[in-house]
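Next up: some structures, all given as structure tokens.
Presented sequentially are two complexes of chain A, the first with chain B as partner and the second with chain C.
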Partner chain A sequence: MGVINFEDLFEAKLAKNDMIEPKDWMPENYRKHLIRQISQHAHSEIVGMLPEGNWITRAPSLRAKLVLLAKVQDEGGHGLYLYTAAESLGISRDEMLEALLTGKAKYSSIFNYPTLTWADVGAVGWLVDGAAIMNQVMLQRTSYGPYARAMVRICKEESFHQRQGYELMTHLAFGTPAQKEMAQDALNRWWYPTLMMFGPPDSESPNSENAIKWRIKRETNDQLRQRFVNQTMPQIEYLGLTVPDKNLKWNEAKKGYDFSEPDWVEFKNVIKGNGICNKERLLSRNKSHKEGEWVRAAAMAYAKKQNENYEAA
Partner chain B sequence: MTSQEALFNYSLRLGDTSIILAQRLCEWTGHGPFLEEDLALTNIALDIFGRGKALLEYAAKVEGKGRTEDDLAFFRTDREFFNTLITELPNGDYAKTIIRQAMIDCFDLAFYTALANSKDETLAGIAAKSIKEITYHKRHSFSWVNRFGNGTEESFNRLQQGLDEIWAFTGELFEMNETDEILIKEGIAVDLNLLKADWEKEINQLLTKANLVIPETLFMQKGSRKGLHTEHLSYILAEMQSLPRMHPNAKW
Partner chain C sequence: MSKDSQGPLWEVFVQKKAGQPFVHCGNLHAFDKEMALQNARDLYTRRGEGMSLWVVPSTAIVASSPEDMGSFFEPSNDKIYRHPTFYQIPDGVGHM
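Entry: the complex of A and B
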């Protein structure tokens, strides 16, 4: 028997659609890519708690409050599974948090947009969680086992959020004139930022061969964006609302909608840190982390004393 | 006061106490000291909101004037709320939030365990469902009191400070009025006098384990049974009720 070639084993597993597990050998660029992607996703979940959390104390019915509170809690839970999945690749939670808090790590730019009215809670659930699902559904079969398994649970909950968001929009769109106006205004503001969630146009983002091979990506940004618009338009029409895009129309030949590109200059600006909430989101995360420092220290000191007592006994 | 009015007042008091406490707790959501604890406290807030919603639903039904639980939560004024004062106090730091929660959890577990035997089926049902939840809440808050008391000097000092700030609001948990009298006779309400000795004993044990000193002041604040509150309640309501009041004809 010859020497085992780990790289060949790895490639063979990928080819067979098998999962790569934490103890398996993996190439360094695979590990790095995954750490970056999973931790960014985790950060997005955590920062994503803020814009919607902004409305918890002002939710207009007790039921709406329970739904929103549970949703924000789910997002925190997603963050937790994802941090755990990333940790299995050999990075610590503290390192990841440090990167987030210092602004070194990225998170989804969408959360740097403000939630200005209650309708934004609906629009975020419906559109943002909807776009997230479209991006993430293929990750349920991604090659890294812990990530794939986390995504199965996350996607299930995200579709729940999307339905709840749409339900909220339904109440508004079929409610009083002021409520309908609120819904339309939220859709106007969240439409293009949501389209941006699929990333830059394909012409500017060459499809990485690795991303396909590693089952991290299956469709291009533009393909996903098109699918999202096709799926969402009937939902918008049902609500009796309109998109803020005069060029949007059905194209029978391609069996899909033609629509305008989002403003990619704004996109780059928000990524660069110039969104209206970039600074606030980061400050908020830093403030909570700093104010929690003595709590974590106390828990650690207490655990240490318990250990010492245990060892002494 | 008819016994139906008493039952309305009683459900309202319990519902308000739950809603206002949960409203305070969820201010921590997204801002907890670390992720796991953020999730734990949010979970507790969810349980308590759920209970509050059920209680206000029942209050609305007992009242029989066509109001809903949301009408009660969002369209009553400051003087018409009957939550205990301790629930409306600002969260302060995590130690104060936790010590307040421990005081309330200790009371609530005994209270809802007793209420589960109420002759009123709805209240008994809500109470029975709450026992398991509160058992978990109490384990959570008690373990943190112990951790803070025996953690670092800073955590101990913060805990003692928190205790000093909330202690005078614990006596009101046991206050009773005509509402209680009427309903105790009917086997519906819990006689709070019967819970007091055990609560004091348990809290004493907890505080002793955490090296805490009970504040010397024996004076206890009260007022909520008459709808008299601290200055904090109006701000909570201003925030909580703003949207429904802006759109009084809207459904959400």
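Entry: the complex of A and C
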């Protein structure tokens, strides 16, 4: 056997659909791409706790409150799975938190929209988690082992999130006229921001090419967006609600819906930090991180003392 | 560890049912053993995924390295006589 070319080995693994593991050799750009993607994904889970957390104290029943608490707790767990997956690539938790808290890191644009009514809690679970699942189901087969394994656990848990959201929407859509109107209003406001979650159109997506080449992603932004619309339309029709898009119609030739693109200028603005809630989200994260500082300090001091006692004994 | 840290990393192993092996399920940050165990429960067993947990400091894990895989496992590759299929048993004997 001659000199081993690590890049060839890496490519051979990808070609065989083998997973890349933390200790395997990988191209520096693959590592960087994954660190960016996984840490952004983790931040999205953590910031994603805020819009729904907003309604925990105002949930209309004990059942609704328990469900919402469990869902928000799951999102926190998802963030933790993803942070450690990113850490396996050589970035520390502290570096990632710092990037989030200083506004350097990005997270999903969707969480910079406000949850104004109780129907928004339903719309977020149904549409936002629905869109996230579409992306995450694909990522279960992503080429990086720890990321794929985190996704398998996350997908198992997300299914409850989407179903509880849709259940909430059915209660409103089949309730009083005022409740139905509230459901329609939530759908109107969340429709386009949800479509944005899949990222810019393929023609303008700077990171897509590598992501596909390295099998980090297996489908493009536009493919996933199309599938989401196809899957969601019957659910909307069942509720008797309408999408805020006059151009949306079934296209028999492509066996899918034609629909309007979201406003990509708005998307870029929200990503840049000018969305409705960007400032509020960052302030909330910073506040809770700061308020937890004494807990971390106390826990560390306690652990240190335990270790000293152990060594002395 | 920086001064405002999340604590060291721990690896988590879950036993699904009594008698089954403990399987690695992920990792987490915690400051001490007790906290690691409680965090593991909250993070990895929210839906009855297991009935027993191990947490191990990640630094205590010694792992083989992928680059050495060939030479490391090579000694057993040519010992086909370690497998039951290596041996011929007459048809009349039945299942063994």
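Heads up, the rule we're going with is that the second predicted complex is superposed on the first by the 309 of 313 C-alpha atoms of A that agree within 3 Å, B and C clash if a C-alpha of one lies under 4 Å from a C-alpha of the other, contacts with A are read in each partner's own complex, and residues count from 1 in each chain.
Please note the rule applied: contacts are C-beta pairs under 8 Å (C-beta built on N, C-alpha and C of every residue); 3 or more make two chains touch, one makes a residue touch a chain.
What you see is a predicted model, and the numbers here were worked out from it, not measured in a lab.
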item	value
Which of chain B and chain C A:R31 touches, first, second, both or neither	neither
Partner chain(s) touched by A:D94 [first = chain B, second = chain C, both, neither]	second
A:R149 touches, of chain B and chain C: first, second, both or neither?	second
Which of chain B and chain C A:R218 touches, first, second, both or neither	neither
Touching partner for A:R227 - first (chain B), second (chain C), both, neither	neither
Which of chain B and chain C A:A299 touches, first, second, both or neither	both
Which of chain B and chain C A:R163 touches, first, second, both or neither	neither
Contacts of A:Y81 with chain B and chain C, given as first, second, both or neither	second
Chain B versus chain C as contact partner of A:Q73, first or second or both or neither	both
Chain A residues touched - chain C or chain B, whichever exceeds	B
On chain A, the residue positions that both chain B and chain C contact, one per complex	70, 73, 77, 80, 293, 296-297, 299, 302
Chain B to chain A touching residues, read off their complex	19, 23, 26-27, 29-39, 42-43, 45-46, 49-50, 52-53, 56, 69-70, 73-74, 93-94, 146-148, 150-152, 154-155, 158, 239-240, 242-244, 247, 249-252
Touching residues (chain side chain C, partner chain A) in the complex	2, 4-7, 9, 25-29, 31-32, 35, 42-43, 46-47, 63, 65-67
Residues of chain A that touch chain B when the two form their complex	46, 49-50, 53, 56-66, 69-70, 72-73, 76-77, 79-80, 83, 118, 168, 171, 175-176, 178-179, 284, 287-288, 291-299, 301-302, 305
Touch list for chain A against partner chain C, complex	21, 23-25, 70, 73-74, 77, 80-81, 84, 87, 92-94, 97, 149-150, 153, 157, 293, 296-297, 299-300, 302-303, 306
